Structure formats: structure tokens, C-alpha cells
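Each in C-alpha cells, the structures are laid out below.
One chain, chain A, appears in both complexes that follow, with chain B as partner in the first and chain C in the second.
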Partner chain A sequence: MDSANPFLPLSSLRFRFPSPLVLLGFCLAIALMLPLLYVAFSAMTADPAVWRRLWATRVPELFLNTFSLSLGVAVINLTLGVSLAWILTRYTFVGSKIWDWLLILPLSIPSYVLAYTYTYLLKRGGTLEQVWQTIAGPEAVFFSPFSFAGAVLVLALNTFPFVYLLARSALKNFNISFEEVARTTGADRVTTFFRVSLPLIRPSLIAGLFLAILYVASDFGAVSLLRFQTFTYAVYQQMTGRFDNTAATCLSLILVACAFVFLFGERWFRQRSRFYQTTSRYRKPVPQPCRPLTALLFTGYLLLVFGAAFGLPVLLLIQWTVKAASAGEISHVFIGYVWNSISLSGITATAAVICGIPLAYLACRRQTWASTFCVQGAYTGYILPGPVAALAVLVLVSQTVPQLYGTILVLLMAYLVHFLPAALQGMESTLQQLTPNLEEAARSLGARSLRTFFHVTLPLVRGGFLSAWILVFVQCMKELPASLLLRPVGFDTLAVRIWLEASEELYQLAAPPALLIVVITIPVVLLLMRKDRT
Partner chain B sequence: MTPPDDKPIVLALQNVSCSYEAGTRALEEISFSARKGDIICLLGPSGCGKTTTLRAIAGFEPVASGEISLNGAIVSATDRHVPPERRRVGMVFQDYALFPHLTVRDNVGFGLAYATADDRRSRIDEMLSLTGLSELARRYPHALSGGQQQRAALARALAPQPVLLLLDEPFSNLDPDTTERMRVELLHLLKTTQTTAVFVTHDHEEAFAMADYVAVLNNGKLEQYSAPETMYHLPVSPFVAEFVGQADFIPGTIRDSVVVTQLGEFPVPKAYRGDSEVVVMIRPDDVHIRENRDGDGTVASRQFRGSEIIYGIRLDSGDFVHSSEASTRFFPLDSKVELKVIATHTVVFDRKAWTTQRVF
Partner chain C sequence: MKQRIRRNRPAILLRHVLLFLVAALAFLSWVFAGDTLVVYSGRAERLIQPVLDAFQAESGINVQMLTADSTALINRLQMEGARTPADVLITNDAGTLERARELQLLQTTTIPDLATTIPSRFRAPDNSWIGLSGRIWVIVYNTTMVRPGDISSILDLADPQWKGKIAIPSAGSVYLQTGVSVIRAVKGDEVTTAFLRGLKDNAGSFVYGKNRQIVAAVARGEVAAGLVNHYYINRHLAKHPDAPIAPLLTDQEDQGMGVVLNAAGVGITAQTKRLAPAQALVRFLISPKGQRMFANVNKEYPLNPHVTAAPELLPLQSFQVALVPLSRLAQLRNPTMTVIEDVGLR
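So, the complex of A and B:
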């Protein structure tokens, strides 16, 4: 910049960030995309015989399973999410405010923890079957947890809050005039709901379903414990049982390709069905008080859903933990696992936020094709399921620097590829809210770009960056497949312990780490939701 | 309170009260009725209960006491509440509430769910051509201008041939030019379709331009229900007098069945039964001024309005009146003038009541 020229237009400041930033962003994006690109490359150059074998044996079954699982979860999510959101936005009764908060809590239970409590609850002669037999007779049997129904139940209970939350905010901000005008033209309540309310909140429902399905398709923890064959589980089995990384890369490519199609499908659909509020002034729904009997019915329903998705599993965990503690099973070994998890998560979160800064800057302050490329590249990790991210990093490292294999660095790389998008999303939106005028003001007062960043930008976005750090930290604490596949020998994290003990049906041993993860996650979930509500 | 007429009564409210919560009255003892083809306007400041009245008629607010009947059948009472969808009232909302997921055509056809496909089609076409929307039938609401959205909302409300049309501040979302045009269009449409309509506004000019009868509400009470002309010239309360146009009040005393004021003597209205200390309502169009060095008024303000000029005159007594003069008649500020009041009717209020009731 020519500081001697006092007539330099101010606006040009905005486009004169140091080019090292772009360079840095570019390197980061490449580093983040490389594993995926490598997987795609090695899958496409794989021996056609491998592809033929997979198509003939595994792929149709995996497709069918993954698809039907997603569909089953979607149907239950829609029913639960819409009905719960409707009850809590349209009626008030004793405790309705508290339910609003309680229904978020299921998000704090990792899928494998929920799955493991249900393998206990649903097992032959287990608690639920006993209850069921007192109702339906001694011969009655409950479905096994190791079945399609079991997998659908667990994953639906784990993901319905996505649909509930989005349906809730859509119904809460609904322009009630739409329903009233339908009523004046002769439509009754039910018709109005199906012809007016439901179509109008459809975009929100689709967005919620999209999140839930993406979660289900990339879930590894629950399906592996319930031994339900989906793509992610198959990738894991190919890598560990058969040591066949080539087949694993092929399956991964199929899964990622499906995710891409799904992602673009959702984008396309959302753009097509963007509904416009005709004015900014409108009448919001006012929750109506309801009769005691109705309130009782609602409370019963809420209690059932909440109990199944959170209350019962957590009670079990507490009970087991107490037993384990009194049996002296919580020892210094357990503290070691806690330390492993916390240090690993802390390092990853810090690295993710630091790497996220240049990328978030590029995304918000410079709209060029290069920055778009960098940012979109960094976001590709978003659709990589955990086992695929692990496989990608593993394959890349073993082909290029095999000395690194089996060290903690590989695991960190996988975490970063997997979780940086989550950090980036939060940081980008924080930075977006900060007007560039502030930075321009600082620079017009003679501050260089680095000084501007540290003295103006950073203090203002600290809160947002901190929540990005916490988000990544918690996600890492819960992370299972990459930890399982890439951990150095003897370096177990809490999630790994839970999974190992639960696979052996050692319920009591798995409970303390599971409870700890749930307890750590709850405040974060509540924090994120509170931000969402203001 | 029903104007004498031979047309059937479509809407009747009898002593209707509404309350949002127990204890607080949003409406108190409202009664009025409308005959077929009448256009009724509910006029009042914000929070006066006019929208509540409209929503009670539509069936969105229950009544705490009294009853509402449509076409002779009771639809709202303390022990009876016909749901909105069975009242056959059409409603145009302030924000129009056009369904954003449906085209104009489907919006208009929404209320025709029970008609045969042919009837439905022809009725939609009829409504679209009546409102001049035939060309825009395939558009979505967000692609319409404000005026077009209003016409679409109107077509949708009228398509099922409602017994009564309700409009909630129908012009508040339009710019002034469009408002003027839409008023004319709406009036024409309502008169050609012989629609009975109730609409809500806070603008007295709009009420006067559109309505056959105006109901002025204040604090949940019906102050006056009458034709616009009567309301302007013979307001029943100081509130109505000031709400429906510029009004000044000068003190007077009744002596020998005339009101003696500083601006001359006026006959006492026959219906007046109050104290002899009164105030007389003076409208600017009743006051005429002439330049006169010895006059008892001083020109204190001037407001040019195009077709007229409103002069504010301070009287030597300290009272203040306004005068509407042709815009060519120019009086400089601070000049002395003499006033002459020519009123066809005299409107007087009890002075004590007037002092305590003043709202402005």
C-alpha cells in the first residue's frame, strides 16, 4: 500500500490483506482435503476384481441397510419431533417450560452409550421384556437389540432432537394469521394443520431430517455395538477383521459419494422451497392453557420419550457407576484414560481453532474464487464419517511417511480433518457478525494487519472462538471410530474404553466413563441451545 | 342502534364484552348491527379494542358476555362458540397472510375445498378477473406488489361467498398512492358484489371515505355508532369530536335557551340536558376570519394544505381556535383578525365533564 498517497480510496483497504493469509489457507485446505482425495484416488485405481467382489457380496446389503435405517429413523423423528414441538409451542401446562429444556438433553448421550444401555434393557429376560411380559403374558417376547428395529430405535431416540428443535423454532415463529385465515375459509383444525402449517414448516423439517440422516449414515458407535451392517461398520470390519484397506477405501468412496449427492440434494431442495414471509410484522402463536386431563396426557407422552432417550439410560449409568465405585473398580487406570481423553481433546481443539482463524478470515473478508476454494475444501471433512476419516489419514500416512504410523500425530490429524469444519462453522459466523469497518478504522489509524487482528478483531470474537473450542473439545471426548482405529498401542481414551467394555457386555465397567462423557456434554449442549434461542 | 332500513340484518352484536384475562376488559358492552351490503368501519386509537371486536366476530376471541349473531343465528355467546371455519366469514389480515407455499390461484381456491372441480375453477376465474389478477394467477405471493397481494387476499376471502367480510387495517401495509387507488377499488368491489363488510382502521379519513356507518371505540367502549356525516357534525362526546377531525372547544354559558360565548350566541341543542356551564365545539370549516385591526383574534400559526390553509387563531381571552380558509386567502402571522362562526348545528358538552375527559 502506498502510504504516501493520501487519496487512496478507503475501500481498497478491504482487499489488501497480506497474501500470506491466502497461501496459509490454501495449504491448510490442501492438507485437509488430501486424505479424502487420496482415498478417492486409491479406490478408483483399485483392482477391478475388488470392486466386482464388493458389488456382488457386500454393497447391495449395505445400501439396503443404510437406506432402510435412515428411512426408519426419519419416520420416527418426524413423528416425535413434530408432535413434541407442537405440544410445547401451542400449549402451556405445568412444567411445559422445563420440558422445553429437557428435550435437548438426549443430544448429550453419545450413540454408542445409548446403544450399550439398550443392549442391556432389551436383552432376553431383561428389564423391558419382564415389564412387557407382565402386560402381554409370559410368552411375549420383545425385539432383540441386535436387529433392524433395535438400531432404528436407538438412533431415532438419539437424533429426534434435531427435528424437534428445528420444528420447534419454526412453529414458534409461525405467522398465526396463516392458520386463522385458513379457518375463516372453512378449514377445520386438522385440515389446517396438514394443508397450511405442515407445508409451511417443511423447510425446517427437511433441514432437521437432513442432520439426523447424516448423523445416522455416518454413525459407527451404535451400529457396531448393535452389530447392524452399514457402510461405516463395514469399513471398520474390512480394516480390522480382514486388514483389507483397499476394500475399505472402495466402500468409503461409495459412502462419501452418497453423502455428496445427499448434501447437494438438500441444498437444491432448500433453495427451491424457500418461503418468504410477506411482511415483517406478524402475529405469533400464543400457547393456550389446556385441560388437566390433556395436560396429564401430554406429560405422560413427554415423560415416555424423555425417559427412553435420556432418563432411563442415565439412571442405569448412575446405578452401575455407584456399583463400580463401591467395588473399587474406579482406579488410577481410569484416571489415566480421563487424562488421555482430556489432553488429546484439548490439543485438537486448540489446533482446530488456530487452523480455523485464517480460514474463517478468508471466508468472511475475502470473497474470491481462491478463498471459496479453500473454505469449501476445509468443509469436506464435514461429510466424512469417522471411520472414513480414520482410514483416509491411515492410508495417506502409511503410503507417505510410514514412520508416523502408530503415533499420536496420526490420530490428531484424523481428528482435525473430522472436526475442523465444526469449529470453522462457529468461527465463521462469529467473524461474520463483526463489521469490517472496525478493522478498517484500526488500519486507517495506522495499525498493521497483525496488530489489528490481535488488538481489535480477536478481543471482539473471543467468545465465539471459545465456544468453537469447547465444541471441538466435547466432540473429541466423544469420538470413537478414529480413536479405535488409530490410537497408539495402550493409549485408550474414555470412548474407546466404553466401547471395548460394552462389546464384552461388561456393563458396570463401561458406566463410569460413559457417565463422565454425558456429564461433560450436558452444559455444552445447553450452552449451544441457549445461544440458538436468543 | 340499527339504522332503519328494509334490508335483512347480517351481523348483530349485543352487549358484547371480551376479556383477555379474568378481570381486564378488552371490550365492554359493545352493541351494533349491520344490514346486507353495509360497510361498517371500526375506528379508534390503538388499543381501543377494534381489532378484538373484529376477531370476536371471526370467532378467534371468545366473548365474556353478550352475544354475536350472523344472519340471525347466534355464533358467539357465553355458552356457545361456533368455530371460525363454520361461521362463513371471510377475513383479510393486516399482513394479508397469503400462503407462501401456494400460487395466487391456489390461494384463492383454498376456501373452495368442498366445491366440485368445475365450480372451483370457474369461481377462481371469476374472482381473479374481478380483482384483475388473471395474469398473475401462477405467481407466488412473494412475487406480487403490495396492492396485488391485497387484491389476492381479498379474492381469497370473497371466493367462498362469505356472509360477512372482515378486514383488519387493510391499507396499513401500502404506500399512500397505492392506498388511495386501493380504497376506490375495494369500495367498488364490495358494492358490486353486495358484500357486507366490517373493517378496522385508525384513520378517520379512511373511515369516512369507505364506510356507510362508523363505530368509534375508545378504551373498549363504543362511543358512537352512526353515519360518517352525523359523526363529524354531531359527535356525542368530546373524544369523538376530536378523533374524527380538528375540533376546538370554547367556553360558553346557557342563558335563556341560547349559548353565550365570546364568538357569539348559538341555539342550545334540543337534546342537551346538562349544566349551564358548557363548551361549544367549533370545527375549522365553521370559522371564517377577516382582517381587522380591532379584531379579537391574532394569527398564531399557518399550515398550507394545498386546497386550503388552516390558520391557528389566538383569541384575546387566551382560547385557541382554527379556521379553514381557501388557499388563496393569505393572512400574515401576528396580524389581527375578526372571527365569524357560521355553524349549521351547535354541539355543546358539559364543561365539567369535558375538562375531566380531555384526552389530547
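So, the complex of A and C:
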């Protein structure tokens, strides 16, 4: 039939693509969504008495705690992020270029590692309290790490780079003319900042805050070590403290529902507040040199933030690791944990990229309702906090194929549900940049679809897929709650070791794995940022 | 030539991936092969690892351990069913062990000298679990703030005079759950609920996830007294010999309730395929050497009467212990949780 019409448009070739692709994508999406659907189902069919008890005793407190924690972190993040971005985009002084890089590094410390260094720093009679007492008198007490203030501090120090990075790029691409107009009409610097600049970078700030809050609400590591009751931590406690998982599924459902509301709220807000560059008179802001005293003040401030979020914790880790090494505490057992972490993360990353290929392909090359469904379905894992993902997989497996429970496959499934979205995001954007013309050309020359994929598409998107692999690998290395709940015997990962030792306050034993994770994560964080920048 | 290399690259990449997967799978099967005894342990690794190491050195049997919360381990055993890799279960709470027995996760342990080594009240009726060490739930008080005569019963802590002066464990604590179970069994739900209400009001924000923090708060004088397992007091005193703290054993009057005693213990799983090594481990744990390591390291009471407790402890025979059998703790547990949550303890 084709030969009858030599002018068949190339785009109609899509009908010849095998529908197995759609089928495969469909199966993957279902597999990824099933755990969540199952949790929702079992929560909704739970005994009303369980719901009543939870509403009466746990839910209000958890709401209040999760909300106030997010709010506290958001306030500190805004203050730190905006002020740091302002200093580094509007002024230039000795060393101001290096700070651009240094302020990203806090992202390489997992929340539970930061939390555990702070349980040491903030403990009664600890280092910080001693310093504080020399300033404020011997009776002064510092706040306890196991408190609201402690949780806010640790999580804010862990997440402020999100806000800082987005504020920085917004301030950097800012049209300085707006500020200049404000200044010429007589507004002083402070007024200009609050009335002109800040409102204009609001969309970026919201996006940064959104990321930070999602991180805080789904964080397990820090809140569990600081024993601050949030929804995510409560799900874990219900799972490990009760003989049935009903209450845990109920709390999970509430948490996921909140996350969805939050997600759509953010979309809606972003669509409403979008600013466009309408004038062609765009001028980049030029950083101004500043006086030595101001420069000193700025450097002091930067040092303080950086030291608190990265420098001090890492120094502590190094010190403890050296002590542990000289005490002979790093043995072949430790190497075993390293291998567990690396092999698990490697397998997961590979599986995530392989599963991501059909989904990314569907997202970029077929925009039908079915493919949209598949892709959105695969993204649901994005908002699942770790314990919920673990619970979802656990409940599903125990009801359907209990034979799998306790094997490595269950853990891999939880990892995949949790981390595939991260891989998919990167792969989708890589594939998007590749014009379909190349594939169509190969197809028109007679190559089958698989051959086209392996010989045309894959070599061209390899870089993007590789960074997706690395991203998942690193996320898996840091993953804590699912590993803790689902690991098979003999599969303690580095993250699990850190958490187990840190909850016994064996600082020295937790340090080597923690330091290793930070060291592995740093280049990846820097790599991703460099890519982001160019 | 160059063209050809380029064309093959994806294939090479794929091959690397496959090789990696094969290697990983080979590693996994290597891990699960072999005659390694698998222990599920709810006890802090720091306390149990040296004991298992000693057993391994003595017997030549390799031991692998999975550490998690006791309750989570029971859930896990139940879900794994016949396929569980676990041979031995060790927990810090007799209630959890009894729960495992009810779920038929454990099997009767037949060791010849069991009856003469561990008294029957520290064992399951059918010997499916065996107590190894005893821990009592006591009041730790600050000696500069409280006189021992001020408190005679644990229920006194609910008295309004202690408002803002006591520290208690959080609702998730197994020790609290066991303690409340015993009080419920002896005094009934009404008295227990009133007691918990008072406790909650008096403790205010002094609710801690770890016993260690309660002892520290009492030692600093932030609160006058707190509820803890006895060995946390000894542990604190070992580090800070001058700390003004002491244990107070409650309900010691004639016909009184006595202190709450819980036991850490061990059971062999119903599904084990390595019965002989599992029995060897249990025998080691009840032997004088194993008992000394298991109990005395943590200043708990060895339940083998031939082994003497650490010298700083009051002898087990010198005080009254609540007569609620350890094996009843399991059936008390879930209603106890409901009572605790209804009162609104955190």
C-alpha cells in the first residue's frame, strides 16, 4: 500500500511503531502506581475505629508539627537563600567566586548525617553550649537538638541551597533597569529591594521553597534521629511499633493526599504569578566592588552559614573517621557494607534507566492520552516519602506474592517506585532535545524500530541517560527508610549503618560511612550544578 | 574501522550492564548460600554483637544478624512465613516473644539442662522462648530533690504534687507498654487510665524517646524523678560517679504490686533448617559464660540463678516483683496501646 502513495507524510510512520511500546509503558506505570493505589485502598477499607483513634490522638499533633516545621524551615530558607544570593550577585569581593561553589556543597550531606552531627554539637555540655556559655554566662542553656528548634535548624541548613540556587539565578538574570528606575525616583536600597526586586523574583523563590518543603515533609532521616514527630516519621513508627500496618496505611493516605494538594497548589500559584520580560532594554546586573569592611562582614556571614551547614559537620566526620581508623574500627565488615550499598545502588540505577527508556520515549514521541497517563503514573513515586514507598511495596507484596518478601527484589521495587521519577525527568529532557527527524530518517531507510533505537537514538542520548543513572545511584546510596525496613539479612547499607550507630549515639562508628557518602555525593552535586549553569 | 567501533558502542554498554547484573546476582547467591546461622535481633547491636562473636569463636558457627525493632521483626517473620531465613529470634521484651509464640513463629526448644538453668517463670509454658536477662522498671530520682520515702508506689507519680517534676518515656517505648500492661493486669483499666492521665499532666513536655535522656534530665535536676529501666541508672553512674541519682523500687509493701520485671529472651524459629546450630546458640546463651556476657555487660539480671548479677545491683531475690506472668504480656499489649493512645500520651 505504501508504494501506492510515495508522498505519505513521515509522521504517519508512527502508526507502524509497535504498540508493544505503549503496552510496556502501560505495564510499567501500573507496576509503579499499584503500591500507592493498594495503600489507598487498604486505608479506605480500614476499620473506622482505627481512623477515629488516629484523628483523636495523632493526626492533629502531626499536622501541627509537620506544618510548623515546614513553616520554620521556609522562613529560615528565605532569609538565608535570598540574602546569600543577593550578596553574591550584587557585590564582588575577594573570594566571592568560590562561594558560588561552596554554597552548593550542603546538598551533598544527607539529612540524617547532618542531624547526627548536630545531636553531638548541641548536646548538653556540648561544644556549642560551651561556646555559648562563655558569651552569655555559665547558666545559659542552648536549645536541645531533640526539639522543634533543633529539627528546624538541621533541616533548614540542609535545604537552604534550593532557595539560594533559584534566587541566585533569578537575581542574576534580573533586569537591573527596574532597580535603577526605582533608585532614580528616590527609593533607597532597602526599599528598592523589598518593593521591586523581591516581588519580581517571587516565582523562583516559591519554586525553591516548594522543593525545600517537599523535602522536609518527606524527610525521615533527620526527624527520626531528632525524634521530632512528623507524618513521615509517624508512618515509620506505626509500622515498626504495631503488629499490623493499618494505622500506618491510614497516615500514609493522609500524607499523600496532602502532598497532592500541595503539588497542585504550587502549580496553580506558579501559573498565576509569571513575569515576562517585555522590554528589549535588558541589562544584566553588574556586581559592584564593595568596601573592605563590608567585604569582611559578608565573608564572615558566608563562613558562618557554610560552616554550620557543611564545614563543621564534615570536619567532625573527618575527625571521627580518623579516630575510628586508628582504633582499628574500619574492618572488612565495613567493606561489606560499602559493597552492599554500591551493588544495590548500581542495580537500581540500571533498572531505573532501563525502565525509564520506554516511558521517556512515550513522553517525548507519543503525546496521546495513554502515554500521558503512563508518564504521570510513573511520576507518582516522586511525592511518596520513603517510609510510605516502603510500606506500599510491603503491603502489596505481602498480599499478592508473599514469596518475594524478604528478598532483594522487594527492596529494589521500593527503590524503583521512589527513584524512577528522578531518572525519568532527566531522560525525558534529554530525549526531548533530540529531534525525531533523525529517527524518522533511519526508519525511512528501512531500519526497524529497535535497530533505530540502539544505533541512532541511544548513542545520541547516552550522556543524558548516564547522568540519570548517576543521579539514581547517588540517591540510592543515601536512601534510608526503605533500606531500613526492607533490607534482607546481611544487606545493611552504609545509610542503615549510619542510622543504627547514630541512634545509639556511637558517633565514631557512624562517621566513616557518613563521610564516604558525602565524598561520593560531592562530585555529583557539582556536576549537576555545572550542567545547570551552562 | 572507526565507524564500526561507534556502531558497536551501545552493544558494549549493554554487555557491561548485563555483566554487572550477573556479577551482582552471583554475589547475592553467595551471600545466601552456606551454613550461616541467621539471628533476628531487637537488642542494640552494641550489646549483642560481642556475645555472638564469642559464640562464633567458640563453636565455629558463622552468625549473621539483622537488627530492627522487636515488633518489626515479628511482622517480618510473620510475612516471610515458611521462607524466613531466620533461625533465632532475640528481643528485649518477653511480650514480643510471647506474641511470636502465639503466631506459631517459634518452636519448642528441647535442651536437656534447660529446666535446671532458667526458672520456669522466665520461660514460655511450652519453652518456645527462654528468658535470658531481667530488667526492672524503676523510678530514678534526684537525691537532692526527693527523699526515698516520698514515693512508695508507682501510682504516686500521678499525684499533682509532681506536676512539672517528672520525666516519662514516649508512648512508643516497649518498656512503657510493658509497665502499663502489668499495672492494668493488677489494678484494672480505670485505675490505669487515671494514672496515665496524671502522668501525662505531670510530665508535660518532659517526654523522652530514650531512657538515657530521662536519667540525664534527673541527674541535672531538671526534673525530680523519672521512669526508666534500672540499668540506665547504672550506666549513667558508671560515667558520672558523682551524679545525684538513685533507683527507687516501688510497691514493695506487703501484698503490694511489686516492681515490673521484663525479660530479654531468645526463641528458635519454627521454620529453621539449622536446628542444631540454633540450639547450640541457645545453650551458649544460657550457659554461665553466655549469661555473664549477655546480662552483666548491660547490668541486667542474669536469669540463670547460678550466675551472680553485677555487684552494684540489688539481688533479684531481695525485692518483690509483680506476679503477672511474662507470657501474659502479649495478650495485654494491644489493649494497652489503645489505653495509652486514648489518654493521649505521645
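A few remarks follow.
As a working rule, the second predicted complex is superposed on the first by the 523 of 534 C-alpha atoms of A that agree within 3 Å, B and C clash if a C-alpha of one lies under 4 Å from a C-alpha of the other, contacts with A are read in each partner's own complex, and residues count from 1 in each chain.
We adopt the following convention: a contact is a pair of C-beta atoms (placed from the backbone, for glycine too) under 8 Å apart; a residue touches a chain by one contact, two chains touch by 3 or more.
Being a predicted model, the structure only gives us computed values, none of them experimental.
Superposition of the two complexes onto chain A shows chain B and chain C fitting side by side, with no clash. Contacts of A:182 after superposition: chain B is touched, whereas chain C is not reached. Here the apex is the CA centre of chain A, and the angle it makes with the centres of chain B and chain C after alignment on chain A is 160°, in steps of 10. When both complexes are overlaid on chain A, the residue A:200 reaches chain B alone and has no touch with chain C.
The wider contact with chain A, measured as residues touched, comes from C rather than the other of chain B and chain C.
By the document's definition of touching, of the two partners only chain C reaches A:53; chain B does not.
Residue contacts after overlaying the shared chain place A:347 against chain C, while chain B stays out of touching range.
When the two complexes are overlaid on their common chain A, residue A:191 makes contact with chain B while staying clear of chain C. After overlaying the two complexes on the shared chain, residue contacts for A:437 are found with neither chain B nor chain C. The gap separating chain B from chain C at its narrowest, counted between C-alpha atoms of the superposed chains, is 46 angstrom.
Residue overlap on chain A between its contacts with chain B in one complex and with chain C in the other: absent. Chain C makes touch with chain A in their complex at residues 6-7, 9-11, 13, 17, 20-21, 24, 27-28, 31-32, 38, 40, 44-46, 64, 66-69, 71-72, 74-76, 79-81, 83-86, 99, 170, 172, 208-209, 213, 216, 220, 333-334, 337-338, 341-342, 344, 346.
Residue ranges on chain B touching chain A, taken from their complex, read 58-60, 83-91, 93-101, 110-111, 113-114, 140-142, 149, 153, 156-157, 159-160, 162, 166, 173. Within the complex formed with chain B, the chain A residues making contact are 175, 177-178, 180-188, 191, 195-196, 199-200, 202, 273, 275-279, 281-282.
Across the complex, chain A meets chain C through its residues 53, 56-58, 61, 124, 146, 227, 229, 237, 239-243, 245, 339, 343, 346-347, 350, 354, 394, 398, 402-403, 405-406, 408, 454-455, 458-459, 462, 484-485, 487-491, 500, 504, 506.
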